[in-house]
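Below is one structure; the comments refer to it alone.
Just so it is clear, A, B, C, D and E label the chains in written order, and each chain counts residues from 1 on its own.
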Amino acid sequence: MEALFYVFSFIAIFSALMVVTMRNPLTSALYLVLCFFALAGFYVILDMQFLAAMQILVYAGAIMVLVVLVIMLLNISRIKNIGSDLHQKIIGGLISLVLFAEIALYIINGAQKKPTGIFTRALIKKIGNTQIIGEFLFTEYMLPFEIASILLFVAIIGAYLFAKKKY
Amino acid sequence: MNNYLIVASIIFCIGALGVIVRKNLIVVFMSLELMFNAANLGFVAVSNRLNLISGDIFVIFVIVVAAAEAAIALGIAIAFYREKGTVDIDKANELKN
Amino acid sequence: MDFFIKHLLSVLIFFPVVSIFLLLPVNKKNEWLLRNLSTFLSLVEFIFSLYLFIYFRPNTYKFQFVEKFNWIPSFGASYFLGIDGVSLFLILLTTLLTFVSLLSSYRYIKAHVKEFVILMLLLETFMLGTFAALDVLLFYLFWEFMLIPMYFIIGMWGTGNRVYSAVKFVLYTLSGSLIMLFGLIYIFIMHYDQTGNFTFNILRLYNTHISDGLQLILFIALFLGFAIKIPLFPFHTWLPDAHTEAPTAGSVILAGVLLKFGVYGFFRFAIPLLPREAFALAPFVIALSVIGILYGAFVSIVQKDLKRLVAFSSVSHMGFIMLGLFAMSAISIDGSVIQLLNHGIATGALFLFVGMLYERMHTRQIKDFGGIAKKAPIFTAFFMISVLASVGLPGLNGFIGEFLILVGAFRSYPVLTIIGASGIIFAAVYLLWMFQRVMFQDVTNPAAENFEDMNLREIITVLPLIILMFLIGFYPMPFLERIDPTVLHFLSAINHHKTVYNLIKLKTGLSNA
Amino acid sequence: MDLKILITWLIPLFPLSGWLLWGLFGKYFKGLSGYIASGFVIASFILSVVLFFIVAYSHGFTDTLYPWVYAGIFKTGVSAVIDRLSVIMLVMVTGVSALVHIYSIGYMQGDKGFSRYFSFLNLFVFSMVMLVISNNLLLLYVFWEAVGFCSYILIGFWYEKKSASDAGKKAFIVNRIGDFGFAVGIFLLFATTKTLNYEAVFAAVPSIPAYTTTIIALLLFAGAVGKSAQFPLHVWLPDAMEGPTPVSALIHAATMVTAGVYMIARFHVIFSYSPAASEVVLAIGTFTAFFAAFIALTQFDIKKIIAYSTVSQLGYMFMAVGIGSYTAGIFHLISHAVFKGLLFLTAGSVMHGLSGELDLRKMGGLYTKMKTTAITFIVGGLALSGIPPFSGFFSKDAVLADIYNKGFYFAWVVGEITALMTAFYIFRLIFLAFFGESKLDSGKHAHESPKIMTIPMIILAAFAVIIGFLGIPPFNDSLFYSFLHTDFKNAYNFAPFVNDTPWYALSFISVLAGLSGIYIAYILYIKKSVDPERIKSIFKPVYMLSYNKVYIDEIYNFLIIKPLLVFFDFLWKVIDVKVIDGAVNGIAGAFAVFSVKARKIQNGMLMSYILTLSIGAAALLFYYFIR
Amino acid sequence: MHNMPLIYGMNFLEKSMLSIIPETVIIIFAFMVLFLAFFEKLAKRKNSYYLSLIGIGFSILYVLMLSDRNIYGFYGSVVFNGFEVFLFIAILFSGMFTVLMSKDYIENSGMPAPEYYSLILFGLSAMMFLVSSNNLIMVFLSIEFMSICAYILTGYIKGDTRSTEAALKYFVLGAFASAFLLFGAVFIYAATGHLNLYAIHSFLENISYAGSNKAVGGIGIKIYISAGLIMFLVGLAFKMSLFPFHSWTPDAYDGAPTPITNFMATGIKLAAFAIFLRIYSLIYNFNIMNFNDILWLLAVFSMTFGNIAALLSSNIKRLLAYSSIAQAGYILVGIIGGGFYGYSGTLFYLLSYIFMTAGAFAVVVIFENSDIISLDIKRYAGIGYKYPFIAAAMSFFLLSFAGIPLTSGFMGKFYVFSSAVKSGYNWLVLIALLNSAFAAFYYIKIIVKMYMPDKEPASPLLNSSGDNLGIISGAIDDGLMLTIIICLILTLLMGVFPQIFINFANNSADLLWRI
């Protein structure tokens, strides 16, 4: 388990770095996919196979495909060479380092709640995570689920409005 | 246990870095996705640690929202490209002061 | 009738609003009707306000014509009106000057007559409300909104760089009164903390107990608000601009009424609310006022613009008033109140005459005038009377006020009073010199050759003021006998604080020794 | 209310109503206003005479017309005190005014400001009367300034002339300076005694500490200095001659300028309780007497000469009240009022004859042309130079004798010398004007004035002769003294008589002085045995000093007025505009600058927006450390 | 079902449905409006306009019908009580104004109406969900929902690069901010193990009483919570456009269609403040963290920056944007003041803020529609004489922004500031007052332009300006006039007789505590 965790975290962080550093958006898109895979791996470790599946399907499957499609659509050669200037890199690096330091500080010095829930690994294994999630999704989180559906609908309208040439 | 959160925060900050330094709208968007995913990781880890399930539910909704945002983002990207002929966000400088 | 008397203050405050509604349907083109109707309505208002004087019981300090309704219960704010000997005359002054200035602007205001008269009446409402309100929130409401009509009057009908002056006027006074608002809110909250219920009733707020250090801060806050309005010496720079650029009516109201609010605020709010700091800081305030007296006089002497000269002269006069108020003796405060009226009357009249000069010659530079006395005897006579009234010539109103102020103040602050009293010399210098250069000598400016004398309207405009000058000068008793009880009560109310303060001073002095 | 009170208030009422009449409806009356005005004043003159006898055969009284200013403990009414002092003054004031009114009808004939003139003249009479009878210091101060105002308006009567309006302004402002002291004195008096009513004040005076009394007395005296044109503040009186001559006669010779003396006599209690102050009065008086006479020696403007002589005669009066012999002072005041009024009226008649000519060097030989004027003038001159039996002799000698007998020898000597100079300059004037060959410029042919002007002159001349006998020496048991001195009984006698030299010895000396003065003038200007030019060249510097009025005006101008004006200009242009207003506008400007800076943040670059956002987040997360 | 917090009773579906009726109505109407788009004939702009107005009207009706209810729907993921009633009304009003403003605007710009109005309605429903949401998932979801509608509407003008650019900036920054919000949620979740706000509240209650004993991990949990709250705050402060997170405001306001600018300035800000108030009021009493220090800074910076930046801006929309940043600062003062008094003050201020802002934007829209006048303030010269009523209304709204008495702005400021003084934040109030003193400058600058243009002969002998006095002849949109009149009346009413509104606010602030 530990070993797997480190492997996955290495992959995830490495690919994330690649995403932001690669010049060619296509490359970074592929690295992003890799990163998602790593995250899916984490989920598997954490006994959330369902989420892992979602991750692969929705993200790596749907969203990234969409992204790649758009990149292709927008004449890759034009957008490949959009560099970024140095001082900006430096400041950005600094800021994100500071952010990380601070968050890490909180994480290290803080303490989480004692585990009080009942969904132990054993229970989840017994019932099966998909079933549990399903139950919750359609009882306690029914309303968010509905809203999410409307949200997606609106997003479709939006995409359509943005993408079409004129009214 | 904190390791998961540390990893999550690292990815989060990398995402932030990407948003800050990159000028390519598409890449910026991807970095945003990274940030969201960092949060996802955090949720899953925490809910697992606390033997809870609600965190995992949250992740599902985050994924949904991410999808929606992807749609919007790419729509905007296309519109922007159509008008400016590029996706360099530095070209978005008409509105100032 | 009985109802009318019982709610006279409300009637007075809201009658101008009613008149505005009467004026609204009138067509803009029909300036004749607009002017006369508005003037007539303001005259009616003035006549109503005379009822106050008639039904006012002298020889009592109690508030009269009191009206009290709940307004905002959850702030403890109420629609609480009432007048005592001091506000009575300020209200009368307001109604009179509004009438006068409306009558005076027939010729001066050429454009947007409708807007002008409406704004003037609106302004009147708020001025009256400010004087009548005994509820702090209500007072502040009237106090601050008053700026807006005045701002429009200066900015729309002013001369020169009127916009600059108007904006300066508003911002300067606004910042002052916002700081004051802080002080008021603070006292309001303190009273809540002590009694556990919200109230803006000033009479209740008087009982708020405030520790010394706090009093200092709060007094400074209130001081800024009121001192800018007066304006006291270092805060005076908005005044010359505003007065100079404003149209005649604006200057009259500005000098005649608006400047009074600062003093009134000190009398009604700052001193009774924070008596001990008032006593402690009195020397500084008095020093400022004396500086103001001399400074205003000195600067007026060298002015080249007629209106600016009068403006600076009111800095000097307001200095006298503050000196009297903060000397904290019955005589001097009586004097200050009388002087409030006098300044309103005399300076208002001066602005009227300057306005007439401007209407005829289209200039305000002193050097462009001269020899007008020969052309316009009536004008000369009235102008001279007002000049002398503001010089403080005995027999006219100005003298009574200044003399009482100085006599009263001399007891407690002999040196400062003497320095201040030297202002009467310089007053003579700048006013008479101005008068000589403008009216006497020979005609230099061809424009003055056919300088027509005052017509009937103008005579009617200034006559009430002139009559008042003589009345107050020769027989001030009707005024004094109404003012005196109020002032005595004011002093007795704050006096025990004075004794406490003296005790403290004594203690500290001993401890130092 | 009973008769005498009615009379008391009628006296001021007449002129007051006159003023209102002419002031409001003057232009409907035309020439008539002069006669009616004079009628009013004559009426009040008659009433004052009646009042005089009432008081003489009964006793004085006070009355309050109405409560005037009641504020806290400050209570004063419009109230009158009628005692022997005030009735004498009343008679004098109303009498002289009546004559001047009548005279003016002729003098101001055809002036377009005719009724304006009479309205203000009436106003003056009213104010002067009130000044005399007022019973508290506030009222006194009011009319003290009111008469000042009248003189201002009447000096500047011909306001088209810049010099006239200047003179009026100068008179008012210089008086104001004196009044400032006077007012402060009143404040101090009130602060110490809590009242301003005469009786109460006088009752309180003995109990207040001496130095306070001195300060009060000196402050009040400052007012007198201004009003009566004593040394530092005398500058306004000579210029005041710009006004119509009858005005000079009434205001600047007979009545207003003597108010200072009257005031000190009225407040004799205060002054007598502070010898120091009285000595100051004496010193100022003495100096002014000499100093003014010295200037008068060399002037050529007849009115100026008479004006300076007024100043110097006032000096005599102050000497008298300064040594505590108030009766003598008042006596000289009365007689001076008469003969100086006479001199001015005659001078006016000369001007009238010469159509406004004032320069001695352009006159001469007028005696033949205008006899009445000349004779009356000479009578006045003799009275002024103290030649028996003219009134000046009695009054001035009464003063000088008291000064000698009370042991102020130096002052006495100066007084005698001044007497000599007085005689000299007035007869210099007479000789140059009325005798010798005419130096009139062509086209000017002098003519005698009309009856309406000459009759008042003659009446005054008669009085100038007879009035002196009221003080038939020895003065101290004369009729006048015995009538008046009772009013001064509660004065503290700080300067007792040290020797009682017989009066004739002293008066002999002063008559000698007078005669010698006349003689010098005679040899210089009639016999011409000595050429004035030679003497002028011998005493060149002294002459220039005298001729230029000791440069007082110039000194004031350069040392006080000019610097002040520069300072005021600095105050306005630099302190006000640059410093104070600059600060205000500076703040506004600062905000504008901030605004430009602040809007730099909003540079339209998404990049920098994200930066600010994340920096903000990082900053907030710093909370961990301040936690 | 097991760890589902049961401290609140009813979880029956019909009760739950009751709790979201207003939103549901709006959504239904949104679909109906959208449905119009499919039919050329029906797609007339008017239809969708009126239809959406009717929808809002119905929703308001339902809100009023339910006004006395106190419901926890859907297993406590939404709440509906007086607090919501107040804010629903406010939000629906802002939506109504937005719709009213839009008619002529989209006529002129030829935008497809049905989508536009339906998006506004969707946005409204999102806001209402946000306000009533009682669960971090709901919060996140509805914020995103709301934002997405806003992104789309911002970029709605086709072929206008400014609009697209605004949408771009708004989107990137918004997503960035909500990522922070999300990460904050992780921390809160980790600390408390709850997503339901009331559950979180009761949990915090326990630990705050347990003090800092290791048994419950007091200190550590507090650290986690503070981290979570801070990052959450970043996300919300972005929507509230407080100082360091304000940067999108001027550009988005500028680029967006003006009615949408109004929508953002009123609705979104309102919803954001509401949810912040809800979350904040839950942790306020417990000594979790002295949050007020941070808010203090944010408030001071926001108002100072907003005012200073607005001082010189010449574009009216940008000026209003900056001023809205400053206004956010003032509103925050009330939240800092805290307590019942402070919260009710905040609500009152928010309500008054809606009316003045909507009124001001309505006037802007009028002058945008009548194409003679652009957004540049210089072009406003002299309209005081041309359009007296509109100019007067505009000046009144501006004065209300400036906080001059007789306007709701004054009462709101007074209420908020006195609450802050009450809890001892004197310096804050003093700074705020000085701010509003010099803020008056740029509001008055506009009035100067309208009434005292330099063109006019600078003398009392003005030549009376023209005859076309009176309202713009007929051309003006009745919806706009209606908006202006409503806003005018309400601004005046809240300024002079605020008691009823104060009662309303009090009552809802009171229910904010009720758990």
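Throughout what follows, a residue touches a chain if its C-beta (ideal position, glycine included) is under 8 Å from a C-beta of that chain, and two chains touch if they have at least 3 such contacts.
None of these values were measured; they are calculated from a predicted model.
Student: Treat each pair of touching chains as one step and give the shortest count from subunit D to subunit E.
Tutor: 1
Student: In the touch network of chains, how many steps separate subunit A from subunit D on the shortest route?
Tutor: Minimal hop count between subunit A and subunit D: 1.
Student: Name whichever of C-D and B-D has more C-beta pairs touching across its two chains.
Tutor: Result: the pair with more contacts is C-D.
Student: Just by CA atoms, which chain is the most central one?
Tutor: Centre-most chain by C-alpha means: C.
Student: From subunit A, which chain is the farthest off, judged by mean CA positions?
Tutor: D
Student: In whole angstrom, how far does the Cα centroid of subunit B sit from the Cα centroid of subunit C?
Tutor: 65
Student: How many Å are there between the centre of subunit B and the centre of subunit E, using C-alpha atoms for each centre?
Tutor: Centres of subunit B and subunit E (C-alpha means) sit 26 Å apart.
Student: Centroid from C-alpha atoms only, then distance subunit C to subunit E, rounded to Å. What do you get?
Tutor: Centres of subunit C and subunit E (C-alpha means) sit 43 Å apart.
Student: With centres defined as the mean C-alpha position, give me the subunit A-subunit E separation in Å.
Tutor: So the centre of subunit A lies 31 Å away from the centre of subunit E.
Student: For subunit C, write out the residues touching at least two other chains, lowest number first.
Tutor: Each of 171 in subunit C touches at least two other chains.
Student: Give the residues of subunit A touching no fewer than two other chains, as numbers and ranges.
Tutor: 88, 91-92, 95-96, 99, 103, 106-107, 109, 112-113, 116-119, 141, 144, 148, 151, 154-155, 158, 161-162
Student: Two-or-more-chain contact residues of subunit E, please, as numbers and ranges.
Tutor: 3, 137, 141, 144, 148, 151-152, 155, 159, 167-169, 172, 176, 183, 190, 193, 223, 226-227, 250-251, 313, 438, 441
Student: Report the complete set of touching chain pairs.
Tutor: Final set of chain pairs in contact is A-B, A-D, A-E, B-D, B-E, C-D, C-E, D-E.
Student: Which residues of subunit B touch subunit A in their complex?
Tutor: Residue positions touching the partner: 1-7, 9-18, 20-24, 26-27, 29-31, 33-34, 37, 40-41, 44-54, 56-57, 59-61, 63-72, 74-79, 81-82, 85-88.
Student: So in the complex, which bits of subunit A are touching subunit E?
Tutor: 103, 106-107, 109-114, 116-119, 135, 139-144, 147-148, 150-151, 154-155, 157-158, 161-162, 166-167
Student: For subunit E, which residues are in contact with subunit D within the complex?
Tutor: 168-169, 172-173, 176-177, 180, 223, 226-227, 230-231, 233-234, 237-238, 243-245, 247-248, 250-251, 289, 293-294, 305, 308-313, 438, 441
Student: In their complex, what parts of subunit D are in touch with subunit E?
Tutor: Within the complex, subunit D touches subunit E at residues 588, 591-592, 594-596, 598-599, 601-602, 604, 606, 608-610, 612-617, 619-621, 623-624, 626-627.
Student: Which residues of subunit E touch subunit B in the complex?
Tutor: Listed in rising order, the residues are 3, 136-137, 140-141, 144, 148, 151-152, 155, 159, 161-162, 164-169, 171-172, 175-176, 179, 182-183, 185-186, 189-190, 193-195, 250-251, 254-255, 313, 318.
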